Amino acid sequence: MIVTVSHDADLKQVNRTLAGMGLWVSPAERKEDGDALLVVQPSSTVVDAREIRKVPGVSSVSAPESAHPRVDEQGPVARIGASSVSRDAPILIAGPCSVESPEQIGRIAAALKERGVRYLRGGAFKPRTSPYAFQGRGPDALGWLRQAADANGLAVITEVLSERDVSVVAEHAEVLQIGSRNMHNYALLKAVGKASKPVLLKRSMSATVEEWLLAGEYLLSSGAGSVMFCERGVRTFDESTRNLLDLGAVALLAHVHNLPVIVDPSHGTGRRDLIVPLARAALAAGAAGVMIEVHDKPEQAESDAPQALHPEALAPVLSLLRGAS
Amino acid sequence: MIVTVSHDADLKQVNRTLAGMGLWVSPAERKEDGDALLVVQPSSTVVDAREIRKVPGVSSVSAPESAHPRVDEQGPVARIGASSVSRDAPILIAGPCSVESPEQIGRIAAALKERGVRYLRGGAFKPRTSPYAFQGRGPDALGWLRQAADANGLAVITEVLSERDVSVVAEHAEVLQIGSRNMHNYALLKAVGKASKPVLLKRSMSATVEEWLLAGEYLLSSGAGSVMFCERGVRTFDESTRNLLDLGAVALLAHVHNLPVIVDPSHGTGRRDLIVPLARAALAAGAAGVMIEVHDKPEQAESDAPQALHPEALAPVLSLLRGAS
Amino acid sequence: MIVTVSHDADLKQVNRTLAGMGLWVSPAERKEDGDALLVVQPSSTVVDAREIRKVPGVSSVSAPESAHPRVDEQGPVARIGASSVSRDAPILIAGPCSVESPEQIGRIAAALKERGVRYLRGGAFKPRTSPYAFQGRGPDALGWLRQAADANGLAVITEVLSERDVSVVAEHAEVLQIGSRNMHNYALLKAVGKASKPVLLKRSMSATVEEWLLAGEYLLSSGAGSVMFCERGVRTFDESTRNLLDLGAVALLAHVHNLPVIVDPSHGTGRRDLIVPLARAALAAGAAGVMIEVHDKPEQAESDAPQALHPEALAPVLSLLRGAS
Amino acid sequence: MIVTVSHDADLKQVNRTLAGMGLWVSPAERKEDGDALLVVQPSSTVVDAREIRKVPGVSSVSAPESAHPRVDEQGPVARIGASSVSRDAPILIAGPCSVESPEQIGRIAAALKERGVRYLRGGAFKPRTSPYAFQGRGPDALGWLRQAADANGLAVITEVLSERDVSVVAEHAEVLQIGSRNMHNYALLKAVGKASKPVLLKRSMSATVEEWLLAGEYLLSSGAGSVMFCERGVRTFDESTRNLLDLGAVALLAHVHNLPVIVDPSHGTGRRDLIVPLARAALAAGAAGVMIEVHDKPEQAESDAPQALHPEALAPVLSLLRGAS
């Protein structure tokens, strides 16, 4: 957004008025005709251009077109089958990092159902930093996951890593997940979009909010159903938490962009002792849900055990969600 | 923390057990005697060393001494005069970025008092990126601030920028603030500590949590009263918020280190439209209070107007705080 | 690497000796038997474990196995057909961001050949942040690129974005490029590895050096020929250059890991006025080559024109390379 | 810089022409009168406004005033007494992290002199993260440092940490150093400026280039002699080097801002095995000198031993400098 101020206006006063409205503007640049140009910085409060136009001395207000019109249109409610997800009706998505066996996922699904959870996560394909690490149980695990979900009336959310697996994952899941390592994998985004399913889109560990929204635009413009944006922490210089959970971005998407945001405090902190406080904080910031890694026998988990909660540890989050909806 | 595993133990099983307890451990390194060493990573859940020692196969658990014993001793309650500040009794600190005139600070102090706020902030000395920007009204402003506080029964929190100003600031304020740009200014930390007052210590924009705690140790070992740790956002790659508010660090200090943490969502976002949701999130994460920039006539403010709230906009935060205490 | 120090040794002296050898060690942790454990930090100079073992008081030195044995084995020379690439024989890879037409790539290839360049780059598939931006000319462009290269005796390096395109790209290029947005796309790494070709592996904008090496391990363990590691700048808080070119990582890979590293100062700075100085710096740091975007009519380029050099502007880099080899 | 394009111009063509000139411009925003505004991004090549004005369709080019006029005026040559420092006459500054004793600094100064080094560094006051770490030998060390320098005909560069120490440091040193932890300590910058001496200004570990230049403006507007800008690495997510040495910023200051830049590869890498390659790279990027920590008995050093070189290890850097000047 760029504000043009007439050459004969009191520029200092205009600057103060705009600042008073919540706008950070760059130092004025004079045009040849004497008018001054002020660039509104991205971290400014959103103010209607018409309000700015009314400020004495302002002669024009220009704004770029949005780069992600379909995302802007979507609105704050995601549809998963017959259900709606929004910050007015926030959800809990829970389940193990990896689907390890029919028994494991069956037990966990039953424990979740019993506590009122309705969305089951679990990885069949695992993106691992090392080629020698456990890579997931693959297509078999998709079947076990579906069966466990069906036996307990749960919806399934699971990650797809390869263009080749989109159709098999789409057959087994209500929601397809794009992992943070693939947010910039545009070939995968297009392939997943074509499956016409709801998508959970994790933010890349160093994506700007604008890049994240544009990844959503790839999905929606390729045919995806609702996109839920999932914040899982960004990468930074401190190692006291596994990632830095960006709840400012969550509030921005929820309150300014009006989008459904899911927060993953498991990856966002990596610490079992901080998951519940940050789940609470996420909901307070405007999240439409939280996604938490759960394992009933973490000492047997094949991956991410340190950030898995026991199903019973979900209680404070569940009671908060019951209060919210 | 380093775990020693006997040469004859089932290392894979020990690894899984530790992970199940919430510990991220580095790949095992074998000693010459065949024992394996596992380094526990900083982002692990805190687990009592005695519990780890009981794991079959573990022959020793070692831990470094804390580098900040006085911070560890302080506990979760900060004392400001006769008052206590903690996450069980969270507070609101409010006031303008700069103290601009006796009238301005008087009006704002009265408006705050009327709404039940008890802590008044306001800058007399302003750390500005440019030498040509407004640098604050200086010592005079300290007097106006004190007078406005006294007239309304408020406690004063204000920043000290220079070793030379410590005594004059200490005469006028209940709490001395170290700004984020000075968290690593060890000469100032020592000088402020010697004033034996409570201190609000802002985190540097790129400080690790450990460095922040060590800055607190400088203060306490020099004689400071209570230290309140103030998170105001760290610097990162995204410009959609002014800084990235690290509520994971807040939860870590509040729940693991048991320290009083104040959160500044004004600097943490820079956006008026996100201050209230992030104040809520901060309290949910475990903050002992929030500090919010307030101005009743932001269009006249000399600095930081875009992130200042009107006093009436504090209402949702105040009602939340009344519920919490 | 963990150093065990006997309980009866002079720990302070051991610490100083290790520091004197170039090792940053963490604070000592005492085992139950009184021995002290010192963890050597990753940013330490590499010192042979046998040298450390000889220090009086040290009773054991342990080291983890490398997580990337195939990368470690590769050595400093990459093979592209009959040619060798190493820091003793550094190369220049040049060409346009996008292959736009047979004429464009033909002209540029001829201009490069004339100046002695032997490696031609050019994108047929472009990873773009927006779904509405130019996405490259696709398979046709691969044909034009091959033709231009053949007409001028050049080797081709081009990016592959999708698992589905690996075979067609492998038919047209001597070297397959993995772009920075796909460094963590493990499905693509595996598919590209299977093509058994040399690969240019760009570092993700927020990858640690260890993650970058592990991405190389994915390639080599799947069958790739030589892997060249390409540094193109990481993402950080400053916008005065497009990315922050990490020449420390280049020196680390070149001198410590003994690997061939290519540096891309075009993306690394985004500024035409800094490309040549940083190409010089890259070679001084130990690069086995530089990759520079070149366009003879940048005012007609479909993408990245601001960071493209005219072919004649390569002269100082070419004369430097002639001196080096 | 903002470019105004007439409402009747071919905007697409103007965009391409500007890109072809090396400018990254933001998406066009239309004014009410139909003209389009294009904001030139900071990472663009510097192009003279008059050249941009000549582009058909461009009706106005505006530019903000520089925020640091005195820095802009200074030029590429720093004066230290009768000597000049610039990238045409680059220097080596060497010496220990801390001045530990008259003998230590005397031995090192002699060893440096013998090799042709003319600038001696050494810390009397050390900014340490922990209050319990060695804080330097203080005023005594200043005397030892001066004596060692005088005995060997060297100029002294040493850090000042406190406003209270400015005068005593100024009495003992030719150049005052501002450490990276104090780049934002504006009270200290003003006090140091008043000493009217040349200053070595280290970049804060998370300062933007613009903030660094503004810190230089604080110094020059307070009376400092020449300011040399010292890059010592910024803080980021990777721990394989101690900091990330930003040679892009070095090239930017040297070639675009025309300023003298000193590079500190000791802190910039923390690794003895990378100091020489990065010193070479720094000079290739346009540095006016390098500052290297040197100790003749690193196993006795009180601080930073792992990144200290033996005096004889300076040989390749010295021979490079002899070639350059």
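Order of writing sets the chain letters: A, B, C and D. Residues in each chain are counted from 1.
Basically, contacts are C-beta pairs under 8 Å (C-beta built on N, C-alpha and C of every residue); 3 or more make two chains touch, one makes a residue touch a chain.
For clarity, every value in this text was computed on a predicted model and none was experimentally measured.
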What is the chain whose Cα centroid lies farthest from the Cα centroid of subunit C?
-> B
Of A-B and B-C, pair with higher C-beta contact tally = A-B
So, what's the distance in Å between the C-alpha centres of subunit C and subunit B?
-> 40
For the pair subunit A and subunit C, the C-alpha centroid-to-centroid distance in angstrom is 31
How many angstrom between the C-alpha centroids of subunit B and subunit A?
-> 27
Touching two or more other chains, which residues of subunit B qualify?
-> 67, 206, 235-237
Interface with subunit C, subunit B side, in the complex: residues 1-2, 4, 26-33, 37, 39, 59-65, 67, 235-237
Within the complex, which stretch of subunit B touches subunit D?
-> 67-68, 127-132, 161-164, 181-182, 184-188, 190, 205-206, 211, 214, 217-218, 221-222, 235
In the complex, the residues of subunit A that touch subunit B are 16-17, 19-24, 41-46, 206, 208-210, 233-234, 236-249, 251-252, 254-256, 268-274, 277-278, 280-286, 297-301, 305-307
